[in-house]
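These are the structures in question, set out in turn.
Across the two complexes that follow, subunit A remains constant while its partner is subunit B and subsequently subunit C.
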Partner chain A sequence: MDTKKMINYGLWMLLLPVFMSSCEQKDTKKVIEGNAAQQVYVEPGEYDEFYAFMSGGFSGQITAYGLPSGRLLREIPVFSQYPENGYGYSEETKPMFNTSYGFVPWDDSHHIELSQTKGEFDGRWLFVNGNNTPRIARIDLTTFETVEILEIPDVAGLHCAPFITENSEYLVSGTRFSVPIPQKDVPIETYKENFKGLINYVSVDPEHGHMELAFQIEMPGFNYDLARNGKAVSHGWSFLTTYNSEQAHSLLEVNASQKDKDLMAIINWKKAEQYMEEGRFTERQTSYFHNLMDESSGIVESEEKTLTKILNPKDCPDMVYFIPVPKSPHGCDVDPSGEYIVGNGKLSADMSVYSFSKIQKAIEEENFDGEIDGIPIINYEAGLHGILKKPGLGPLHTEFDDKGNAYTTFFISSEVVKWDVETKEILDRHATYYSPGHLVIPGGETRKPDGKYLVAMNKITKDRYLPTGPELAHSAQLFDISGDKMKLILDFPTKGEPHYAQAIKADKIMPNSKKFYNIEDNTHPHATLGEGKTRVERDGNDVHVYMTAMRSHLAPDNIEGFKVGDKVYFHLTNLEQDWDVPHGFAMQGATNAELLVMPGQTKTLLWEPKKVGVFAFYCTDFCSALHQEMSGYARVSPKGSDVKLKWGLNEELRSGQQAANEFYDQARANANATASNN
Partner chain B sequence: MKNLKLSVFLIATIALCSCGSEGESERKTAKDFQREVEKKEVPESIKEGKGIGEIKQVELTDELDEAMIKVGKSIYDMKCASCHKLTDQRVVGPGFQGITNRRKPEWIMNMITNVDVMLEKDPTAQALLEECLTRMPNQNVSVGDARQILEFFRKNDLEMAGEKDKAI
Partner chain C sequence: MKIFTSARIIMLLSLLCLGTVFLFPLWQITLEAAQFPGGLQLHIWINKISGNEKNIVQNVNILNHYIGMQAIHPDSIPELKYFPIVTYIMLALGAIAIWLNKAWAYLTWFIVMSILGILGIYDFYLWLYDYGHNLDPTAPIKIEGMTYMPPLFGEKDLLNFYVKSYPHWGGVMLGVSIIISGLAFLKQRASKSKRKFNA
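The block that comes next holds the complex of A and B.
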């Protein structure tokens, strides 16, 4: 042993106890083997192969990352106001936050679902749920903008959402918390008699993506947690895990874990459709909001809806079944063939894998073990494909590759385990750092997964990155799964609590990506389609400024005649027709945010001047060499004064104009000299 | 140290190999776009003062087309007027008065429809950029619309400068 080796050895011996005590189960640094760095390196000027869309959890948003590089491409505001571009602050987008509870500018976004055609991602839309104030949002993937939000009535904690069917017929959701329906003032201890759970079917218009609450199914008061819809052979069916079949309402961590098994709900939605057509539903008065953006004007219209249609399993035979599932299940995942459904019991050492054909057979033969509220309980063994014995601790979620393998995250033992769906044989396991929740394989939820990469989304980040105080960005970890063994190749930080992600080949989105809005198609009622049309109009205390932006000036740039107490609406139209040239608009003392207006768009900022004086406004997006000059003044006079409205752009020569002219004359002379030399 | 050298060598070899196998993906990358721009050679048309772009030859009739002028003006109002006046006053860009007397119709239409390449290749366009110091934006005007704008310019020159088409 030479000296160097001895020093190394000594160091290791010293470090060993530290490792062992700080983290029992594994080494904090997994030494990367082989060409990992090269695998994730995307050369400058080259593009990533996949888009990965991650929900932002408590940030309320979605982030788009490139894979394999882990580069953050974009944050898409959905359920939270976003000062970066004025989403939720501009007059056009404020109505997106209307709900039956009023204006709710935040939510907890959870599950990302890409639209599908024939069981494959089609790259058209992205859906995500708001958990806290139950709602579902649609993002248009040509613009990466939230264009629609639909509230789901009479549910609480819409965690189990918005799972999509294989032709985007429906987005399926279930209430995480059962509540009194309709809401009423009752003692919480009357849970068992008064609380109900709803499973909701939202239809998606195949042409425009518009969402509509088609029907709700009234279920026993359990907690509905996660869902997947059948595909291929099981198309037309939904599977939802439930917990708290004990119907406890306090200290759930103990009281809702009493039974050895909970239940999975199995729904024949084709049958439900048939009952809807036959009119076997009841109507109930309620309140929920539907907020939809008009594509040409960018204005969100908000509409309150007051009627919902309910199907009751008691009146609708053969529509809903239960099957036992191991204790406190979380994940519920259907394999690409549609035949196998994985139900993960968080508190069970084993995982149950169900067979769709066996479930069908059991239903045919009425192999039931009793019923709950008229819903038959299928015999557990009869529906079982088999049990995965002791794969790890705390199984949460499963995704699939294109070779018949499943990958399950284990929250407690911090690992991903690869297993064969058919034989239920464990093939490989790899540590994650630490406590993974969901995982994603591009297309892993569809009929055609791409078995190249897997991303594990971890809940605990300690020691992965430079410390940033007590709070750390959650860590995502990228694995190469193309070979027999999983290979960890990258760590990257994420925003909020990325709860779930979906990843899609870039080719399915890139060609349709919009670069600017055609100004000819701008139907905003306050659009200013040309600088010659800029003007200021007063209507009582409301003042409308019709303003345009073009590199490098705003028109008008000087406005007088505002008064304290006015409501000033700046309607800014960006006249540019070029990719990546937004203009911003920020008004000194405005109490909301700025605007960021895309080429060809119109957006409106409300400003309520409270002080007398002259205040500056300017463009916030560095747009040209003369960006700093893209500014102007607003003069505010006292309430009741008779200062007339006046606006303009360079109406008369100012003292600075002489100097500007000389500067340009000099520049012109220089340019001519250069041209004649060539 | 030996190991380090070996791995550097390995990476270099792999990098070379992967460089050679182009066309694995059909997606156009940013580099491809750059290469396309670079590939273009300076054509004769620039030397003829016609600029560079889709427009090679424009036939003009002496009689002005009133219908085209009307459409041309509305496009000018919406997409051009914030930077260009109809007089000879320069604002962000040059004033339009007399433009058909200074530039060939092909140059004018190429500048409108192919501005990024014009600013890259055409010396006259480059001189204007040095003068104005703001890149003319690509306003996504179609060739058909550019033709109508040209007709509007001819009419404007007749009114403001007393003559048109002197650059042909």
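The block that comes next holds the complex of A and C.
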């Protein structure tokens, strides 16, 4: 073979994956196997086998889908205000968006992490990071409500988060962009001297799930991209990919893509815990917010924190290591056994698979190739299990099944590739439509993956669905991976831009799903437990309306005595105690949002009347046959007028309502009696 | 072997059966409709009203108010207060009957309990009749000629609900208790005449 032929041959080989996938793209109809419809068909009245939680990317939220049907079950508001139910608009939930930058009602949610016990999903909580204003949120999976948001101080772009350890000890969260720490006014070109990165360990209270910033590790000024924690044999260690080890600060697409290899950070967090106990940290004044919803009142308390504890690898030997990874790695994934760590160099033609035991051996033997800021760099070959040669173009993320196989998404060649972790042999490849980012296999990051389905989350949609103008919903694709070959069985649109997703067996969540809030547990200070207690109170310009909702009326439904310039707080308590009976509240002229109040809950909407007149309010959730009648009037008089406060419902209370009051009084008395007995 | 078939043991069994009215509901009324998967189950006990969910009474009341039925307020139903007392008295009388171990004592208990049982069912019927017929004239939904009395025993369509009304374990055991007390009487009478014969 002459040189020219060899070059030609080589070129063909390089283009082969692209060529193959483009062939398949032309023929997508043929790709679908005959029984695909049956596989994804969930009969009316039947349930999906899995919940899949997808981050919303630029929507800032999370969506819950059923698998295999691809049905949207619910959108969970997290980092963005949600006028649909008043999240972030109601007085109770507004503090959820407090940050050291003020009220930030939007974000870019990226990575979903389900809580784990012994390396398996336990179905208790869901965590997700806010990439822009660095934050981590916790969602309670009994209510599908965001109950906590913790800001992370002194980082920029919390992309490398919130990766969970196998008993939910920590959410490991690294900065995407390095910045001056503490923030100061310096020229950007002093990047190398002044910019640093922080890797944050957020602890999770095992009983209540409450998050706390346990410690931060100060790292060289690289970009920290993605992480995974060890499990089983590698429990106690974290692995984080970095890019921009060039430390460029402009035109990163070129200047941060120069080195042949970047670095993976390897952190022994058990060691870090030990150093924390020994007090080898420095404390620093800063500012960050911790916002926590009280379970009984539904009120979010916001607290500013001012102190962080920082560990510096220079003062803490054997805590942090680096190992080279081919060019600009993205995903960093640990297999179910905990032994293998896959480093995906997104600009490299190869993928490096590391061996935890070999890394340990190299550390023991001090097989290092220099150091950066006191952090030893482990010899690349010494830690390597092997290289997956030319699997495709642009490897991003890898998940695992229960049979020792890995599945990697390739952004550029637009495909998913199945390969054997042990032998590094490529077993199968399947085109995706188009350009997948993350992928998810139920339990794919745990010790016990469920190797039945795989969902690829594609970044480009183009012609997959009926066109909707320039903006298209991102596409997700469901594959059956139970056999030797992957089978594409379903396409479905998603909300926002799902970055990562996690999927869990439905029976881990379903039995604990709450049907309503027990009214006797409602400790909201403005709750109205019984129609007989409904009232309107004025305090200067503040007017508090203690209102109740029950099929099919709001009480009171006639209110007079509001004045232009008042601040009216509607505290609406939904007195229902049945499943799926929310009541809504919409006030004409309210400039914020409407409310959806779940049974047993109290929510508050602020209304600032600006016009004189009589304005209607009504229930927005079709609650009953007489929902349209569930309405009322608010009379607004001019500023300074002497119209007295007056309110009522059909002039007087009916006997049934009196009894309803007794019901709540009794429920409350019983609850108190039980509480005092305990 | 004789001891196990003595009238005393039989009567004791009868009292144990009666005692189960504190452990199980007497009656169950099930309301079935499309929007209520599994149905709404009302349990009528000797001393309370409950159901298959914690807030059943409130939830049934909310539904009933559309057609003008009165709200069920267990606190204002006097029977739920004095029926348990009557039951305690009958248990005590039963114990006395066992102590006396006379056929007439068992028979008296059987008769009194039978009358009480029939009166109880009649009382239940009156309540159902009142709930079903005594409707609020301002009710949002009024259907000419329609009343909403649930069946005392059996099944019936009431607007969108299919209503089933049957005894629950407590009611069944109450009936069994009465029958067994009758057996105690028969046994005691038989053994008495046998003793006479032997003498």
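Here is the rule we go by: the second predicted complex is superposed on the first by the 620 of 678 C-alpha atoms of A that agree within 3 Å, B and C clash if a C-alpha of one lies under 4 Å from a C-alpha of the other, contacts with A are read in each partner's own complex, and residues count from 1 in each chain.
Here, a residue touches a chain if its C-beta (ideal position, glycine included) is under 8 Å from a C-beta of that chain, and two chains touch if they have at least 3 such contacts.
Predicted model only: the values in this text are computed from it and were never measured.
By the document's definition of touching, of the two partners only subunit B reaches A:Tyr47; subunit C does not.
In the superposition on chain A, A:Leu626 contacts both subunit B and subunit C.
Residue contacts after overlaying the shared chain place A:Ala616 against neither subunit B nor subunit C. Comparing subunit B with subunit C, more residues of subunit A are touched by B.
Of the two partner chains placed by superposition, A:Val233 touches none, neither subunit B nor subunit C. Using the contact criterion defined above for the overlaid structures, shared-chain residue A:Met550 touches subunit B and also reaches subunit C. By the document's definition of touching, both partners, subunit B and subunit C, reach A:Gln577.
In the superposition on chain A, A:Asp507 makes contact with subunit B only, while subunit C stays out of contact range. Annotation: subunit A residues 550-552, 576-578, 624-626 touch subunit B in one complex and subunit C in the other. Of all residues in subunit A, those touching subunit C in their complex are 550-552, 576-578, 624-626, 629, 655-656, 659-660, 662-663. Within the complex formed with subunit A, the subunit B residues making contact are 11, 14-15, 25-27, 29-31, 34, 77-79, 81-83, 90-92, 123-124, 127-128, 130-131, 133-135, 137-141.
Taken in their complex, subunit A has these residues touching subunit B: 35, 38, 45-47, 49, 506-507, 510, 516, 518-520, 529-533, 548, 550-553, 555, 575-578, 581, 624-626, 650, 664, 667-668, 670-672, 674-675, 678.
Across the complex, subunit A is touched by residues 53-55, 57-59, 61-62, 65-66, 70-71, 73, 75, 140-141 of subunit C.
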